[in-house]
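Before anything else, here is the set of structures, which you'll find just below.
Next, two complexes with chain A in common: one pairs it with chain B, the other with chain C.
Then we have the complex of A and B:
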């Protein structure tokens, strides 16, 4: 009876394992392999060892080197500008919403959440109109004379604005759920002891939601490194490549017009992947250590 | 739970130590007004672009160009939408919307099937190496997705799926995120339920269909909603996989529109297209708001 080979688990778990192997495991391994090759997506990759990495990292005369440096720099600028805002702003909103006397909480939350359900391409078209010099609000109401997408630092501001607009809602909901889970009597006793709102926030709220904070920080950062849609739609990488992020170069090299340089693009992808892994690990390490 | 509360009470004395004497009443009302002001300003900033996009889609091009900024049109017209729907050659937005609808619906349906069946396997069945397998896959899935982007295209190409909806429907089913949530949730269902069903002679398929799935409804709905909106709004992957204008989903189509309606020559049509593209997910939110917002409460993985 017990010796009978049980095939039921294979039926339940097997299909997903196959999907996982085909669409995650194999492509990941192949992506790493391809980064050591010369490959145009059509023919078989030709092994070149560390050549791609040497070119990208050290060959000053190569356009790949310049593209990688510029792309990574711009990606980092995006991460540094967007992540702090995407952590702090939703936290402030959550605290303001938790205020006992504030009414219409769910309406306000819905309004702030909805842009997260709007695709980057649709959102970008709308914001570009708003910031259009002739037609939009910024030119006509605030009297701005510049064309935002084609001048710095306005191009970055534009990209960050749409990112915050779309990204605040998700983290806000995580924070609200966590804060509402904090025991109310803690606040009440603190209030009776005369602790003001800031004091209560720092001594009760923040320590109580440490895990969601770490979680959103790490996830938001990793997500920000993959930035692609906002600069592609809003500025097309301009002005003068100053918002051209690494994902845009990777896509352009592998899938752009002309012959594919997928091997080089894979090497850039692996390097970006390593940066993301390193930063995430570092965040976990630092934040967990400080928590202990 | 008791532990958590005790842990938090430990911190209370910190607050006790501080003897800040404050006129309590005024403190509270000031913080209330600051909260309101802050929230209202944000809400206005959040809404204005959408409203302006909508109203502009009802403006004539002459009004857009001539009258400077106005929040609402002098005269509401529907010409833009008529023009959009009639343009089936360069910008077939109705096609794009249909493509998106097919992709997102199929993807969502399959996600629910796959995660519920697979989740059942990892949570309710006993087999050797079960947890090792699960956590190995989970660990691998943390590896940044950029790395598999280019070979994924190669696989889609080998399967003959370039420029087809399958390219967007199938690969996402391999993900581990939803599966992790479902397994967590399913682990919380008492084992006695299926054990007694087992004793009554029910097999796994029976237990899955008549006991577990009904109990999993809330988490399956949440995963379904996020799969739908995620699939509907995906941008990078469709931009890579689709070159055929007729086959692409609407997000990728809107990128083309920027060129087609270049320099905002046909601004009303451009806005109308953007608005059409966001209606389905907004409707979904309107009807299923509580699931979007409650989702995190269900998610025991997040709450520390």
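Then we have the complex of A and C:
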């Protein structure tokens, strides 16, 4: 019997594969290649081997070494401050919304989700006005005497507030969807056995949504490492470059003023990518092992 | 059933291919001059109008204005691939030396030969000269956009400071004389475009940002420039760090705002703001500088640009030279002498800066090859230095290293 050739799946998957190759795979490979070169984006790259990496990692006197260390340190601070909040807060809200007595669940969910749809620049302008000492609510209603974007720890608080405001909704939807999939009879039998709400959360909800939790944790962390818009718009990296994150340095080197330093920027980007890969793998391994 | 499957597949293929290939088509590429500008603000609309006016003259080849956000990134991409290079572009003055060194600019010789009125005599000298490298003209100027100082007439009268403007030079000492005399919430000056102010002070002090072609950032003159401005902050006369000094000027709490010529249109829209414009403050009454840049028409290297198009570009630039009064509406100092000598130009506030030779000379454009790196260093650190958040000597050394490292990394690729 002649085997029927079914090309339909190829046509559906094909465009995605093409787009992946053109816009993800090839640029990534070229980016890694560029990290071993000196390149100003206009002329051909010149191969320099590991020079860029040596400078970034080991040359204490180099500006690029200082920038990488400062950028990575600030990025890590952002990750440590934002990720736990972006995991715990949506989870608590999702669980709270499951309560029978809560009215208007979809409306609350929509209100929390909408900020995530607003562009970071527009959101930042709104929050900067709210926190403006002269014109904003924080100065006039709460009597704050501080210029938040230019003083620490307020600058970080400001960045974290806008991040949480914009980021809670995404994870919330994932948690709500997965919690709604948990069988109700588990809760009912646990309730009959006398389990309280905390026990039910710890023994039923959390294990049941293990995979969504691992997924959001890994993806939120990876996303947080790529932070760029919030510190750029809210503090411009200040005060004294204490909120200047790595992506800002990378962008400035590659597409900033004057001749581009794209080779060095690529090397920094590759190193950042390796850090993200390592931490994501570690998170996945640890969380999956503990849950097994 | 099979037909239905194939139908879906065909639609999916067509949609994806049309997405990928969108924009590749360019039917009118031979009879249209593609003109890229980075004018993403209100000025883009004024340029649109100028292009529309030109096209209304029914030229042989029409101009298509494309406002391109992040233009320099896109320029490097198209130059690298050699495809999609615009026929004409507006670039900033500080980009010229770098582009020329990379061999990415076409000389304007064909344009200036075909259009004899496009010549140095018909433009503001520094705007024209910024495009001249080793005797070859690479650009034709559109404007000079400079740092200027707006003043609040009501506040000057309130504090008896109108005499500061008598010689058109407000000195730092005059500003300091107001110490202790202002109501709470009022300030003498804001920190808008502070980096440009610092770079102007260097000229006022007789210094420069380079010595024998090498960057000179960690210098006594630079230190003096920072210390002079810091004096104003230390006396409590500068708007507080982190406050929006631009808005504070508009709300009538600041005597002077060191902003750009282009802000005059926004200030004019504020009800009750009674303001004028003068030169940026100086440490000495003998010299004043308004740090400036310039928008320049340039032809990036493009092997597909035909002679007809070059002729069309010449016609367009000649039209702009004669008809760019529209550009004055954007608040810019127009580079064409024919426009600025037109009595109508006096209606625009920025005409102050071309009212006499001394004012024209005050519009200073840095043309040092590595100016962009130095400007970046100054912008990055000036706020913290002037506010006393960092040690000045240490930071100047860091800035010098910052510039040197970038230069070493950038040029060694050649």
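Here, the second predicted complex is superposed on the first by the 272 of 292 C-alpha atoms of A that agree within 3 Å, B and C clash if a C-alpha of one lies under 4 Å from a C-alpha of the other, contacts with A are read in each partner's own complex, and residues count from 1 in each chain.
Note that a residue touches a chain if its C-beta (ideal position, glycine included) is under 8 Å from a C-beta of that chain, and two chains touch if they have at least 3 such contacts.
On a predicted model such as this, the values are computed, not experimentally measured, just so you know.
When the two complexes are overlaid on chain A, chain B and chain C occupy overlapping space and clash. Contacts of A:8 after superposition: both chain B and chain C are touched.
For chain A, the partner that touches more of its residues is B, with chain B and chain C as the two candidates. When the two complexes are overlaid on their common chain A, residue A:149 makes contact with chain C while staying clear of chain B. When both complexes are overlaid on chain A, the residue A:135 reaches chain B and chain C alike.
When both complexes are overlaid on chain A, the residue A:278 reaches neither chain B nor chain C.
In the superposed pair of complexes, A:19 makes contact with chain B and with chain C alike.
Residue contacts after overlaying the shared chain place A:255 against chain B and chain C alike.
Within the superposed three-chain model, A:264 lies in touch with chain C and out of touch with chain B [touch as defined at top].
Applying the stated contact rule after C-alpha superposition, one finds that A:88 touches neither chain B nor chain C. When both complexes are overlaid on chain A, the residue A:189 reaches chain B alone and has no touch with chain C.
The superposed model shows chain B running into chain C at a single listed stretch; among 27-35, 171-179, 207-215 or 279-287 it is 207-215. Once both structures are placed on chain A, chain A residues 8, 12, 15, 19, 22, 41, 132, 134-135, 255 are touched by chain B and, in the other complex, by chain C. The touching residues of chain B, counted against chain A in their complex, run 5, 8-9, 11-12, 14-16, 18-22, 24, 27-28, 31-32, 34-36, 38-39, 42-43, 45-50, 52-53, 56, 64-65, 68-69, 114, 117-118, 120-122, 125, 127, 130, 133, 137, 140-141, 143-155, 157, 170-171, 173-176, 179, 203-204, 208, 229, 232-233, 235-236, 239-240, 250-252, 254-255, 257-258, 264, 267, 270-271, 273-275, 277-278, 281-282, 284-285, 289, 292-293, 295-297, 302-304. Listing the residues of chain A that touch chain C in their complex gives 7-8, 11-12, 14-15, 18-19, 22, 37-43, 45-46, 61-64, 132-135, 147-151, 237-241, 252, 255-261, 263-264.
Those residues of chain A that touch chain B in the complex are listed here as 6, 8-9, 12-13, 15-17, 19-20, 22-28, 30-32, 34, 41, 92-93, 95-97, 99, 101-102, 106, 108-115, 117-123, 125-127, 129-130, 132, 134-137, 139-141, 165, 173-174, 177-178, 181-183, 186, 189-191, 193-197, 199-200, 203-204, 207-212, 215, 222, 225-226, 228-229, 232-233, 247, 250-251, 254-255, 262, 265-266, 269-270, 272-273, 276-277. Residues of chain C that touch chain A in their complex: 5-6, 8-10, 12-13, 15-17, 20, 70, 72-73, 76-77, 79-80, 94, 98, 102, 104, 240-244, 247-248, 251, 370-373, 375-376, 380, 383-384, 389-390, 398, 401-402, 405-406, 409-414.
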